[in-house]
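As structure tokens, here come the structures.
Common to both upcoming complexes is subunit A, partnered first by subunit B, then by subunit C.
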Partner chain A sequence: MIITFFSAANAQKKVVISKDEMVTVPAGKYQPFFITPNNQPIPVPSFKMDETAVTNAEFLEFVKANPQWRRSKVNRLFADTNYLRHWQSDLSIGEANKKIYNSPVVNVSWFAAEAYSKWKNKKLPTIAQWETAAKAPPRNFKYKSLTDFILDWYTKPNPKVLPNVKSTYQNEYGLYDMNGLIWEWTFNFNSFIGSRDSRGNDEDELKNFCAGGALNVSDKSDYAAFLRFSYRGSLKGNFCIANLGFRCVKN
Partner chain B sequence: MIQISKKEPHLKKAILPALLLLSFTFFMFSCKTNPGNNADESKIDTTLTGTVTAELTTAPNVPKPLTYTSPKKVMVTLETIEKVMPISDSSEYTFWTFGGQVPGNFIRVRQGDLVDFTLKNAPDSKMSHSIDLHAVIGPGGGADATATAPGQSTHFQFRALHPGLFVYHCATGPVPLHIANGMYGLILVEPQGGLPKVDREYYLMQGDFYTKGKYNAPGLQDFDETKALAENPDYVLFNGKVRSTTGPNALPAKVGETVRLFVGNGGPNLVSSFHPIGQIFTKVYMEGGTEVNHDVQTTLIPSGGAAIVEMKMQVPEVINLVDHSIFRAFNKGAIAQIKVTGAENANIYQKLKP
Partner chain C sequence: MKIFIYCLFAILLFSCADVSNKSAFTGEAPKHNTAPVGTISSESIYQVTDTFQTQNDKKVALSSFEGKPTVVGMIFTHCTYACPRLTADIKSIEEKLKSENGKVNYLLVSFDSQRDLPEQLQKFANANQLDKNFTLLHGDENAVRTLSVLLNVQFEKDAEGNFSHSNIISVLDKKGVLVFQKEGLNGDQTDIISTIKQQL
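So, the complex of A and B:
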């Protein structure tokens, strides 16, 4: 009985850990992966970033406070039919899903992530911010290189149960799981390729497919970056995907 | 053959010049329909006469020859699936596939068909995927239209203009990694008159694989980027696995039969020197195109290319199909087999006592 009480209390304690911890990412320069004449290294001023991805428990608070973002109420233009499909119901992650209360929320659209950020008085990171933050070397790392680690994660199927936040590595800035747990939305997730409506635009030549995809990149051997940009390039704002979540920033 | 009766010699006189004229016309006609003109849209029939759904098969099986004789709208749906499967007896690998197997589903259409193509990416995929079919004339061979996120689908259509055997592959960056993980397959565009009838058809596709551990190292093996860039594979395989098509899985055939193989090479790096041990290709549709070569021992199959080869089964034997860059066959897995059963024929081959 006591044990049950304690584990329940523990679970409870885990659910409410959302302390909105943010860390400072120092100012830097970001070399865009796809190089164009207008795409020179750009300065990235210092900003604050969530130390972990937004969890299911945290996102539940948002849904409770914003009924229009409940699974049954959400506008399909803003979230496809996979929106929060791993939850038990509108306002419950589900007793059976206890293990993922503290795991990153996934199956959320760009619009949902953007709305959450606004509700928190934060923003989604730009590609420049996200890439700058993720470049920081890992602390206490068993892999010989970060790219190696990322590639190993990319080439393994999704786990059956998504691990909790802080289950991979922490980087020099103090950020957890920038790689190895989920993909993350960025504010301008597909701005690096010409839109489908801008045919004839020079940018259209930079599409990230076939061998042409390697013509104008800053580091051809960075397969991890290729994978990330290909992934981002295939997204639309209402897509909800089982390995795609987000974290927020504050300028 | 036109039979000329000996009882009517006057007819012979009349027919011979006519035959000459006929053969001359035929010669001119064949020149006009040389392979270079095969894909001229104004010269092939493209009027659609209905809709069919393509039969898709997994290697070594090939869809049945097409029975329709006028262009159709052909519905094709492929699904990209990431899947851990054995690559050898003791190693596993995370394959990225079209349809859950390496190579991907075989697609068979006819010259003049309008192919309505849907690419689905399985919901539990980690990656985005796309497809470049070498049979497509259009941006990226379809890749421009098919960047597909997990759980999503994309859609485009193309006209099958050129007859031949074509490779398709994933074209999502970094393309070499997607191909190295097994994302390739074959699409056959039958000429409007079809291919000559044979007794058996099979599907083989070569590919090279790069793993952190050595050949047959135990456990799940990660992709090795350094070995891949050095073009130094641990595995060179037919149909995605060591011994996929040997022993109990050898391709069956009988003495007297003609066997046609649709052979592709997915690469990503190696060119195949495809050779049948104890046989000779009676026909090779070189590079999968319309030119046919005869009596060939070894044919080159480029990375991202294909060939159609045919053999007449003459004696009972096991034909080892190998990449004759022979270390690959001996040490890296590049062997498939045809097991021929039937009566011995001492006129062709017999083992003699010393």
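So, the complex of A and C:
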């Protein structure tokens, strides 16, 4: 394994080849971000997680082996028209796109990410797993506040060329780029979050949901989490978005 | 603080091209691109190959409901508030379509892969006096999650094994294409009834 050292201001852009490495995330407890009377902390047993997001090169192997997931063949129910739009063709990322071979694959739907995970005999992480894994503090990285770092990333537009995996920070579990590169699909991204739109709270809206609205959150200062949960809540399974990819887990 | 969050979220939306113009789902199903000739049902939910178990312990794929329009609700039987009401709403749709008896499938799919095994589903069907037009389905976590994603139903299991969920009644056409959704409990059923009639 090639280890990349970096600092916050000056992330090195070494080409690193992902080798399907997984790291162990120790058992923990996940406090659901939106607190309702019923959601007590959920125990999260230890699991293995891909150390990086799935790359374009890795996803190409999957597409080669599964013709129904080629751009020209994919069903619209399972992936919208943006599916792999940044690739040159069905089975080619493109010579001109060489820089992104080892960058996270984006423009992939939840269904595509699910299918890839199954093909690899893995799974998509649950929200509880993803949030537990992302909570670990950065290693080799000087920061004052992880929240500030994440928010700073959120405010930046998508880069023209998405950097390679391992180009941001590695956290204490050994996971790379949990923030700072892309957003990631979770298995249960469509979890009930109390309300899709917190601006309204009239009776009609309450009637749309079982168990009422979410009244409180576990950490009000965690703006970054607000955004992550809003983002997930705005997704549908066939959406393919230019800054949304995934990584897998094994239980 | 709220304004700060909204501002950030707005920036975020602008930075990711396609989220902002796809609003939360209400009413009519979104129009997809026209399917290529010869694959009329390419939007069909029945393409999903997961198997489920009915209240009679029969293994079925969703495609076994092909041929009739199908009304679908997602519930769990230990639910004390919304699910009995959602079930009652679907029963009332059946009642209003009495003249079309036997021509429509009514499907209740459980969120609760652990507890809602066929026997429990049968109990629920009896308790709610659901007739033979109703099928109740148990599926594994993957099958249920996939269906919920296809039907835009949000749900989450809590620490006690109960579920928070959105209340949506979906109508699938004879081929399993989502044609209409009604969100919320009670309310006017005129649109959903007329949609089902169009599908007969």
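Going forward, the second predicted complex is superposed on the first by the 210 of 251 C-alpha atoms of A that agree within 3 Å, B and C clash if a C-alpha of one lies under 4 Å from a C-alpha of the other, contacts with A are read in each partner's own complex, and residues count from 1 in each chain.
One rule holds for everything that comes next: a contact is a pair of C-beta atoms (placed from the backbone, for glycine too) under 8 Å apart; a residue touches a chain by one contact, two chains touch by 3 or more.
Note that the coordinates shown come from a computational prediction; the quantities given were computed from them, not determined experimentally.
Chemist: Looking at A:Phe187 after the superposition, I want to know if it touches subunit B, subunit C, both of them or none. Which is it: first, second, both, neither?
Modeler: Second partner only.
Chemist: Spot which of subunit B and subunit C makes contact with more residues of subunit A, would you?
Modeler: Comparing touch counts on subunit A for subunit B and subunit C gives C.
Chemist: Using the superposition on chain A described above, determine whether A:Pro41 touches subunit B (first), subunit C (second), both, or neither.
Modeler: The answer is second: A:Pro41 touches subunit C but not subunit B.
Chemist: Quick one: is A:Lys99 in contact with subunit B, with subunit C, with both, or with neither? Answer first, second, both or neither.
Modeler: neither
Chemist: Considering only touches as defined above, state whether A:Tyr154 meets subunit B (first), subunit C (second), both or neither.
Modeler: Both partners.
Chemist: Of the partners subunit B and subunit C, which touch A:Arg76 in the superposed model: first, second, both, neither?
Modeler: second
Chemist: Could you look at A:Lys29 and tell me whether it touches subunit B, subunit C, both or neither (first, second, both, neither)?
Modeler: neither
Chemist: With both complexes superposed on chain A, which partner does A:Phe229 reach: first (subunit B), second (subunit C), both or neither?
Modeler: The answer is first: A:Phe229 touches subunit B but not subunit C.
Chemist: For A:Lys64 in the superposed arrangement: first (subunit B), second (subunit C), both or neither?
Modeler: neither
Chemist: Tell me the contact category for A:Arg139 with respect to subunit B and subunit C: first, second, both or neither.
Modeler: neither
Chemist: Which subunit A residues are contacted by subunit C in one complex and by subunit B in the other?
Modeler: On subunit A, the overlap between the subunit B and subunit C contacts is residues 82, 151, 154-158, 207-211, 223, 226-227, 230-231, 233-236, 239-244.
Chemist: In their complex, what parts of subunit A are in touch with subunit B?
Modeler: Residues 82, 151-152, 154-158, 207-214, 221, 223, 226-227, 229-231, 233-236, 239-244 of subunit A touch subunit B in their complex.
Chemist: How about subunit C: which of its residues touch subunit A in the complex?
Modeler: 1, 4-5, 8-9, 11-12, 14-19, 22, 24-25, 32-33, 35, 42-45, 47, 79, 81-83, 145-146, 148-150, 152-156, 158-160, 162-167, 183-186
Chemist: Looking at the complex, which residues from subunit A come into contact with subunit C?
Modeler: Touch list, subunit A to subunit C: 32, 36, 38-42, 75-77, 80-82, 110-111, 114, 151, 154-158, 183, 187-188, 190-194, 196-197, 204, 207-211, 220, 223, 226-227, 230-231, 233-237, 239-244.
Chemist: In the complex formed with subunit A, which residues of subunit B make contact?
Modeler: So the residues of subunit B in touch with subunit A come to 82-84, 94, 123-128, 130, 132, 139-141, 143-144, 147-152, 171-175, 177, 181, 222-223, 225, 229.
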